[in-house]
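Heads up: the structure comes next, in structure tokens.
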């Protein structure tokens, strides 16, 4: 009973803040609203015994929203508090598609005769997760590592306007190009 | 002996082809070479007529290239060879330019005739038959510098080829009936196919023989040189039509209808073309019409199974008509005209020519005891046996032939008018001389025209009949012979006393047959051809374009629909409708001329539609992805 | 709290995110929409895990989803930076040179 | 189940090569980055050799191969499809590097480019080889993230825009893929395909439909098929030539094999063949029409790529109904890869040319290059005896055999339409015109590629023997 | 033997294409190779013995794509030997005529040598894939020939239209091939195996669709109406040699496909479709002739007569599918069809080369631009006249032999075939009309100063016409080759 009430409260918060992301009039507020939505979902995860993942979600999202705020201010020179927020186009088709999607998904959620639960959660969820990651699903984590590697390389390549040769000179000896000393 | 038969066909063919290919360089030797060759052919033909060889060579699957000399061929072959030789002799003096081509074509033609006469299978027959047609085209259009002469050749060739289709049909029928392609097997065909074969052969023969309704080409063919007319339109090509019917008379007899049909067509042609001949003012036209009429007797003979009489008439007519054509040719070369009024008294200028022509005319008139009198009566006896009406029509036709023969005879033997020269040189520049070489063949032919009637009189006639296997056919009685001789003489005298009033124009114009062919066949075909060509260019060739345009219209509609889903559906589809109509209208207005452009435009439009989905607007990509995926989901759940 | 209700909420989050992704012009806002969609996916994954098959696989899936979210966002920032530097714009609408 | 990482030696070579290339590049002067290139090429060659050695000795045309399929870590299948994918991807990356040398040599980010190429290739192989939804999701990331970077690498406004679109569509697709994976694993009770095959058969159809469709959508993005194809022409036009060559070739290989593996386990009652067939038809038709009026050679090739994906989806549609489908897919992929890269090599060999008209005079000036262009474009059309003809032949056969004869007709008609724009390019190349400077390495790559196109077409027996002997017979 | 015949020109083409040999060398190499081909084919014919019970002679088979049961399988029988010979002869004639080509002669020679290889390969192919490979390559080669050496203002567009149209046809053909392959058990692309198996014999619907695809593909290539519209522009804008090769050899690929693949492999379906084929044949005969009659352009006219002449072939093969008539009639029809292919190749090849002379001298094909050519160019006129008469089916030339057999056989099978008979007549009319306009009358228009044919033009034309004459006079030389094969074919269709 209590779980139900908590769930509903969190659910309303999650959705409401989610809607708020696109309703508030500044990008900073949108960021906060998104973070709130994520926290609410992370808390719901706690309700279904997924403490570890729930906490991870909350932490990751908080961090990410912080990054987003910093990003907007530092890189793009926006003042989050003053940024006007009416940058939308084609509201009506967007609304139509979103409502349509919701109707389809909700209808599926409610009407599909879901199967019954198979098995029970492991006693120690974190341990079982760790074992899965290290054994049966080891390849997932093995693949995640090149993904992260690729992400770092790719993000840096895209985000940095200057490569190492711009900074260190063509022979990487740190020659200051702007000083006019051409490398030999 | 078979070698001689082969030689009889191949020697003229090879020499002729050689002369044609060599062209002008051989002009000098051509006449002599031609005469020698024709002489050789004549000797050979007499030899094979006596030896009666039968031979064949591989040709098509299921049909050999078969040649044989039977009694019928033995009679006709020497006659044709002889006329060829005489015509070449005459031409050596008559034809001035391009002699090699003339001689070569004539020899080729002669070879084709030899094969036609001796053919034992349908493919062989058709082979020679079509070569005759082609060489006749070339000979009629011999003076190619004048387009109307070539056109006349075209008419002749096309008309006869139309009829030739009957031979293809007959060949198909023979195969379908399973009898094989030999001519002698045709009567054994089962019922429907026998009729088809008979009909095909009948049509082919009527076409070549210039019988109704194919007569008109013969009039046009008079554009050719006179020696050509003498050979093709008396002794050989036209005669081959009659010959074919004589040869397949058993097949005609095997059906219930073919014989009578042939008989009636022959009789009516004899009658009507006799009248036409009577109305002519041009000597060669008169002779041409007469040819068709006289061949009518041959066809009549074949139709009533009077093969012996028909054969005799064929041969006798060959000599007579060749004689007359050559005489006409001699006058044409000398006087430059073939108009009858201008030829008044022409016979008196060159008496030998005149006498020979007179003999020919009298023979043609059927005056006893000249040849055509007896041969015609041999045919008419058969007709009498068949039906009285047929006989009477034939008799009337005989009277008409006496009429036009008399017309010519009296005219050319009238006193030479003082202003004779005024009428000359209407066709060409006359030479005012008739050479010896031109006159010699006339004498030979005149003798032939006089005595060949023996073929239809006892005792030769009986031999001939037995040889041809038609011993039971009726022979003309004395009464009949007398009646016809009397009719001929009476008509001759009538024409002498009361020259003819001008006859109706439709008679002089060959019954309007040429016009009718033009209106009924030629023009519609040409119109159809042009219409089809337009259709091909404007419709079929643009079907691809049209398909592109159609697809593009669909695409445009689809594009509108697509936009409509995204945004103002109703308004845009209305616009789409309007634009669609506009595009359609424009496309139609642009018409065929713009077709090529519209292909390009159609391609562009289609591509434009596809590229319109690539707006560069990311949110539209998202929406379209969502829409497509939703549709896919619906499909998945709906089609289960 | 049932599977249906959790999925309903997840669907709502997903749809709201989709609305944002479609309607927003600013790249970062579009990314927020995408994140919200992922939020919904996380919730749905948790629901399926709890109510249908509480196996370790489901947990790994959640982990992968969170990783993917992080990685995609990192790339998003990088791309947005690139766009900002090269075109002085952060609007998706402004970048429509490549079309048709 | 084996756990030996040595079974993944080709993948490890690629990963290691990527790391070492990047590290080496960090210490190399700008003009000596060819060392990094050499390292990358060495890594690729090593991967190729190890992949060839590890090529499965027994032929199994059909996924699953009757239960004796070899897997590593329970999620990486070592069957013929994987073997062929490895070889083709490695060869493709090698060719990309070959054609890109002139463009990349001495640029500021040459070594990073090689790193990303290797990583992208690795991602494609993982995508193609896996039979687990989780690895599929991660592989998707690994295959797409390097592509974003490669597209944006040249830093022109167009490249930035292309990168943005690629990224945003990719992100959406990734989310869809994750959603699908969530739903499928939830209702099937596992993420491995064996679990799916068992679990989905008894699961509610609507849920299966939503889940599988979402996963498929993600893969369609990677492959460049309708409805998530829009990034392909943009990225092809905006990116550098080598990057464009890569992104139109390598990710598709992985995504299409992955799609085939997925469709293979989807349960029967839903009309998956029909759906995939319709998507294939829509993809090829749309792309061919859109390509008709293109004047930019790159964009034209971009659309051409999309249209080829349409043909490539045909065997995917029938993968569960005929044993001919997988060999057909592999043959087509191999043929398409070499052909497409040859066309891009020609582009790279004439660096100044953007529009089709820029290729005027090519035949006169560089007959060899023109011949390579002719061969590659005719191959894209599907003219024998080239590589794609062999692909089309097998693919058409498979699709017909699988009951989609209508799709074969649609594909045939589309092939005719495609002739329009390929020929337009050829005609330009044979017109007289100004000579343009050409690049040597790329020309070599083009000639090598053209020979490869002919070799695949003429050596058809060898190729088909590789992808599954006897399975079509 | 066969493979070397096929690959010799290909190798020569490659040798000419790659190194920059002098033009003169290229021209004479071309002639030498085509002459060698003629000799090789001659040797082949001399050593040819009709194989027992419908087998193949000079059979060669090598592994190619074993996984789809497709192999490099070549061989000849009475249906293909005549066409191989025709190909060799026509290409040799074109090589001689091509001595005068001064636009990129080296590439020109290489292209036509390659084209010859594809034609040789197609007529020798005993495997559907091999057949298709050559079929498609011939399209590519011909496209290049029209686009590269055509002389029309719209050569590019005509070439594109040709390519698109015939490519569409080839894809339809490919679909049909795939259908046959899938229907056979075990799956195979091997033609003799397919013929032996006759798949789809008991599947009327599937068989109908597969045959429809085959028919469409072959009908486009043949071409029959209504798929012929690519032909006139392609001919009008192609060079003389291109037209000659296109009409003389490439069109035969369509009809050859009927007798090689469609009829024997799908007898049941063929019999079902025979009436349709017959109808299309009749329509092509009449339509082609009528439209040709209305043309004012000599080359277009000859092009349309090709539709008419190929219509005879279609008519005959259609009739061969009707079991109503006797076997002899159907065999005659098939023999006639193959004869017609050879005959049309020789005669139309010659006519197109002659038409090329018109364009070479004055740049015009318009019939009305000429007149009296018999005076200014007597040799040309004579050759054209002979060609025209040969084409309209005058005896002593091959056309008569072919048409007589076609008609006698077809009418012997069904009387409906007689509807096509006027085709002969209209063809005669149109050729005589053309002859009248071009050759007769007094010289005028462009005829004045018209240079007569040169040796390099006259020799190939004369050669082709002499061959036609030889077949016309001694048809058994050719028919002895064809007849056993057509008997086998009729037997197979009658299964």
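By letter and in written order, the chains are A, B, C, D and E; residue numbering begins at 1 in each of them.
Everything below uses one rule, namely that a contact is a pair of C-beta atoms (placed from the backbone, for glycine too) under 8 Å apart; a residue touches a chain by one contact, two chains touch by 3 or more.
A quick map from chain label to UniProt name: C = NADH-quinone oxidoreductase subunit K.
It should be emphasised that the depicted structure is a prediction, and the values quoted were computed from it without experimental measurement.
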Intersection of the contact lists for chain C and chain E: B, D
More contacts between chains, C-D or A-B: C-D
Reference chain A; chain at largest CA-centroid distance: B
Centroid spacing, where centroids are CA-atom means, of chain B and chain E in whole angstrom: 32
Between chain D and chain E, centroid-to-centroid distance (C-alpha), Å: 42
Whole-Å gap between the CA centroids of chain A and chain C: 7
Rounded Å distance between chain B and chain C, as computed from the means of their C-alpha atoms: 90
For chain C, residues contacting two or more additional chains: 14, 18, 21-23, 30, 47, 49, 52-53, 55, 57, 60, 64, 67, 71, 75, 78-80, 82, 85, 92-93, 95-100
Junction residues of chain D - those touching two or more other chains: 134, 138, 141, 145, 148-149, 152, 155, 163-165, 168, 172, 187, 189, 191, 206, 210, 233-234, 290, 420
Chain A residues counted as touching two or more neighbouring chains: 89-90, 93-94, 97, 101, 104-105, 108, 114-115, 118, 136-137, 140, 144, 147, 151, 154-155, 157-158, 161
All pairs of touching chains, each written as two labels joined by a dash: A-B, A-C, A-D, B-C, B-D, B-E, C-D, D-E
Contacting residues of chain B [partner chain C, same complex]: 611-612, 614-619, 622-623, 626
Residue ranges of chain D touching chain A (in the complex, touch as defined): 15, 18-19, 22, 26-31, 72-76, 108-109, 112, 115-116, 119-120, 122-123, 126, 130, 132, 134-135, 138-139, 141-142, 145-146, 148-149, 152-153, 155, 163, 187, 189, 191, 202-204, 206-207, 210
Complex contact set, residues of chain C against chain A: 1, 3-20, 22-26, 28-29, 32-33, 35-36, 39, 42-43, 46-47, 49-57, 59-60, 62-64, 66-67, 69-71, 73-75, 77-82, 84-85, 90-91, 93
Parts of chain B lying in touch with chain D, wherever the complex brings them together: 555, 603-604, 606-611, 613-614, 616, 618, 621-622, 624-625, 627-629, 632-633, 635-637, 639-640
Parts of chain A lying in touch with chain B, wherever the complex brings them together: 89-90, 92-94, 97, 100-101, 104
